[in-house]
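There are structures below to look over.
In the two complexes below, subunit A is the common chain; its partner is subunit B in one and subunit C in the other.
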Partner chain A sequence: MKHLFTAALVSSFALAAPVAPTAAQAEEINVLMFGMPYTVGLAKLADDFEAETGIKANIDVVGQDVFESRITLSFTGGTGDIDVVHTPVIQVQRWIQAGWLQPMTDLVSEETTSDILAGPLGAYDVNGDQWALPFFAGVGLMSYREDLLEAAGAEVPQTWAEMLDVAAKITTDDQAAIALRAVPGQGFNMFIFPMVMRAYGGTFFADYEGGDLTPAINSPENLEALNVYVKLINDYGPAGAGNFNFAEVKAAAENGQVAFTVEGTGIISQLVDPAKSQFADVTGIALPPGGPAGRSPAIGVHGMGIPASAPNPEASARFIEWAVSSETVAKIAMSESFPDFTTASVAQNPEVIAKYAAIHPDFLTMRVAALDLAIGHYRPLIPEWPALGQAIGESVNAAINGLMTPEEALEQADADMRDILGL
Partner chain B sequence: MTSHATPRRGATYELQRGYRLMMVPAILAVGIFAIVPLAGMFGLAFSDYHLIRGTNWDFGFQNFAKMLSDKRLMNSIYVMAALSFFGVALQVLIGSAVAVGLQKITGKWRVGRILFLLPYAVPHVAVALIWLSLFTPTLSPINAFFDLFGITVPAFLTSQWGAITAIVIADTWTNFPFAMLIIMAALQGISPDLEEAAAIDGATRVKTFIYITLPLLAPALLMVTLFRFIDSLKHFPMIFVMTKGGPGRSTQATNFYAYVQTFQNSNVAYGAAIAVMLFLMAALISYYVAKLNQRVTT
Partner chain C sequence: MIDNSPEFRVKRGIGLTLMLVLLAFAAVPTLWVLILSFRAPMAIFQPIWESPLALTLDNFFKITRSNFPSALMNSFITAGLSTAFAMIVGVPAGFALAKARLSGKFVASWVLLLLRMAPPVGFVIPLFLLYVNAGLIDTYMGLVFAYMTLTLPLVTWSMWNSFAQVPDELIEAAIMDDANLMQAFLLIALPAARPGAVAAAILAFLVAWNDFFYALIITRSGTATAPVAVMNFISYDSVDWASIAVASIALTLPILPLMAIANRYIVQSLSGAVKG
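Then we have the complex of A and B:
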């Protein structure tokens, strides 16, 4: 019965989803990724993989919405048409729970894993098994306009409270102080807001590490953080900031409409790149502000896993090992804007160092400092996180746009969390 | 007699068999790509299929019972109704006006027949990105223009009705050409003799339009409204790109909510139940509009 319905579900999506070729032979594998500088660079190197191994890799890089439809229909139907899948760390627990992935513990060599940064690698170690290998670890950093700070007679803010003070000095009718992601979503405002939350000592659960997953989203610490976040966006952000995503944040910084952004390394590296931003020469990089509980830079990890239905896991693992190898990653770091690699030896590559040092001398240093401070469970690593992040993000956005007070928003988020967790 | 009858029956049979064969591709296409998935969706809607909580394959009406007390679903229906009502009304109104204008106009202006089709050819995601830029104050040339005169254009996408208005405008921009095309085709089917006869009888242009043209256009107007309305129940790309369902949840139309339940909350069965509800709504509306259409045409 189950197969009947899953097959029907698959066919119900079939019209909307492009049909991927099935890997009929062992010499051909299908790789499904969504668009990022690394995946775009990887797709260009498919011929290298074939030349090296004799295995043809069809690397399909699609939009994130198409990606979600494709994997859902493929994995629920167990069609086996995907051999390697882009695996964001925030999804991995959910996918393991749903039986969508197979462990690769015995399929990848010690030589490969020993060259990967321990933090991102460990994020895919669940129940003693390795479920994916990371290729990307983006962390939160702050960019600031040195000229605007100097004109306002202000220092680089070290805490969110200081940020409020500095923002008040900088903001005028013609100049906004800060742009932050606000649009609802676990990968949008919920990539940024937890940096403020955790700086004030807020958490999602009563004791995540101790296993007590009682929601704690409506704590006084989180309320204080949400008030700061709302005030920064509404009082010191540009018009319409309540619907900003990373693209609008990046554009506002590039156009000189704001003095500060707190964003992932992928965006920050472009803001300080003279080839890409007209204000790059007066833009500095710092760690994201902290608070009474310290700093907690955002972290987002992406990797590659092997679907449970993949017919030839050995070939899949071979591709993943090649894709995270020092040689492949260095090529992508050179050809694309990709400083977020997790293959440790690439950080020693003189060409790569020279490229990113030329963009901004502090960039690589700050990235390492932020990686040191970031906690693996910045966004909780539980199967329900995508649903929880979506719900909390919606409430946070409602508070920003005045549909609810911050108190009401956190009460709503608490109720939603309990509903999703079945409490 | 008999010798003539047999070949005639044979010819009819052959002809009928030919017609049936012509329908085979459509039957296969509908059977494989519509009826089978639809049956699967109905099955899932009555199941407990959940990607995280585990599935016992218990079948019942639990998902439909849950709908009755689901405030988010009610909110999504309210949003969908607003988007559909205002969007379809504007598309039919503007499409009709442009069609009438294009039919009567002469000279170079007739190039509008091609020009006005362009928005319909743009993919919805691209349309949404264009309008997202236009409604984002820091990116919009409209805001920049009014800023020159010291006029501040409000930020549409940060209030519920502003965001709904923005989505309706984007949806209207890309879909009014469809209404225009259907109405133009219908207008071409109306004999000019009727208008001439009305003019000879002393009717004004306005009266001729109201009492002659409009009743003859009614079936086409009903059809275009029905098609656009059914399509509007599937609102997704504009919302996903322009607002992500925000501010808060205020632009989460029902189809978007089904996506959230299925893909974010992993509740595939409940997402399917919402999809079934949308399907039944569309089927019911189609049935009544078809009946109404029959009455209008007779």
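Then we have the complex of A and C:
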């Protein structure tokens, strides 16, 4: 019995030895990211970073829900167990306001920042400080089935109104026209719906750029846009389209269920890749449709920041500079499906250009054209946006699923916005 | 006598139909996951009758190249250790609570119940802070300790009940025959309460095996368990349904033999049987 107890005690100490040493030890950092082609590729290059700098990087790439839970605990507890954190641009204002990030203005070099696209970089410039460096800028593009358009005798729609006409021609009992994200969420239907809203001249606020944040979600322009969005999904979408998210949209396009999708570049690049989609050879790419107020492709930017409690910010910044460097990003662009880089010099890399041109000749050109049209505050860059986006998204989804009329949905969204903003 | 009356046959028909509906309700999702695990990724959203031959074993090979197998091993290690430690402490504790004349038994029983009733989310922040400062994040021991807050009360309560059914006379007779308390416990009471002990161990293992919340908070890449690793197949722009299906099956398979064993012992344990 005595031996058994001793063995148990010894094994307890052995088991308590950390599998991954903590960041408190010198020259070792913990990086927490959520799964994207870039982050998966980055994790595979961790040894390169250690060889170059002598700093060991424990890069943990997890699902988005797992990520949210872990950062919430780490940030609110101020535990310092994360040295570099995945920082979506739509969260950055809220995290800064909560004191969860530390600025990296003086920690990163001019040489690094000068090679990053100005738009995505500027999205992390808040109150004169740089809070993260971007590595990803995904924009909205439209994919369309050339064969189905030809069979219907239709042209590629340039506006959402034309999309309604073309969708009506294509839709039959066996063929749906379009799949769009519809589930509620600031990153789900609120990644897509503002493209329709802004095309019709709708906005979230009376004058965002002028600083007037009075809600304007129940405007006639937004109502017209919501009617179009609801009609496209309900009348011309596949069965169950009212609760599609990006995975179902992608699957519907890959299986030939629909002729059109309007999605982020990460998904569009897979739809035109013959290795990933059986209809890739008859799938074309275009800018998202516009409207009376022009086109406004969706934009989503992701970067890397340093948590306020990170104990060794110099090592964190060194990792981030390495992670967004031309050499590292080019390696990931080659090894993964990652055309959404923000490091400018990678766009000049002949191997990278050749890789994505081989997948689809128009892809990189269309991406640049969409980036030129995209506005940085496509989704408002304010701390309250995550809550606002969720509330508006729920009302928009309720309109799609017939729980409210579009008018009621926008009135509800307006009331929710005022409630969240304390107006 | 067999009842062949029309009324009985109608009742039996309705009963059987209800049973089949309930069985289908429970079994269809599992069957669906099984089919998904063999479907080619491009056919995963197609009805099976449209492309019945779009089947592949690649999903299984693919998951072996991911971190999931090591996560599965982490689940085995932590669930196994937390069950073993809970049994080492909980079985004697259950014996003491059942047989010793202790004044605080009532309080002890409520404290144990409270531990089982408290939702983990209620004490996750203090636990997390404690673990960060103690260096227990991403360690097997940290997760095992956390799981013991689930398994130890379960084992102790269960064994308290099992030992209570062992007649006091058996233990008193052993002591009268010069056995000491440890011998009476190990040689008389424990064998008599074996069905309860096996059932308690299996239920404790299942509780730890299926845990998601503690592992989500306490583990990192080094010790992530299988339920957490499944979530990592959902990424920013894709959901790897095929891998999720394979992972779900891999998570379920080890449970099946345990359930087969548990079934017999749980019934024995609940019916109050002690090994005579």
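Please note the rule applied: the second predicted complex is superposed on the first by the 402 of 423 C-alpha atoms of A that agree within 3 Å, B and C clash if a C-alpha of one lies under 4 Å from a C-alpha of the other, contacts with A are read in each partner's own complex, and residues count from 1 in each chain.
Criterion: a contact is a pair of C-beta atoms (placed from the backbone, for glycine too) under 8 Å apart; a residue touches a chain by one contact, two chains touch by 3 or more.
Nothing here was measured: the structure is a model prediction, and the numbers come from that model.
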item	value
Contacts of A:Gly264 with subunit B and subunit C, given as first, second, both or neither	second
Partner chain in contact with A:Asp65 - subunit B first, subunit C second, else both or neither	both
Which of subunit B and subunit C A:Lys250 touches, first, second, both or neither	second
First, second, both or neither for A:Met36, with subunit B first and subunit C second	second
First (subunit B), second (subunit C), both or neither touched by A:Ala98	first
First, second, both or neither for A:Gly422, with subunit B first and subunit C second	first
Which superposed partner A:Thr79 touches (first subunit B, second subunit C, both, neither)	second
First (subunit B), second (subunit C), both or neither touched by A:Phe338	neither
First, second, both or neither for A:Asn401, with subunit B first and subunit C second	first
Shared subunit A contacts, counted only where both subunit B and subunit C touch the same residue	8, 12, 15, 63, 65, 69, 76, 248, 251-252, 255
Complex contacts: residues of subunit C adjacent to subunit A	42-46, 81, 85, 88, 124-125, 128-129, 132, 135-142, 144, 216-217, 220-223, 228, 231-239, 241
Residue ranges of subunit A touching subunit B (in the complex, touch as defined)	1-2, 4-5, 7-9, 11-15, 63, 65, 68-69, 72, 76, 94, 97-98, 183-186, 188, 238-245, 248, 251-252, 255, 257, 383-384, 386-387, 390, 394-395, 397-398, 400-404, 420, 422
Residue numbers on subunit B that touch subunit A, as the complex places them	32-33, 36-41, 43-44, 47, 49, 51-53, 55, 57, 125, 135-139, 143, 152, 155-160, 163, 240, 243-250, 260, 262-266, 268, 272
Subunit A residues touching subunit C - in the complex, by the definition given at the top	8, 12, 15-20, 22, 30, 34-37, 40, 58, 60-66, 69-70, 73, 76-77, 79-81, 138, 246-248, 250-252, 254-255, 264, 266-267, 270, 277-278, 302
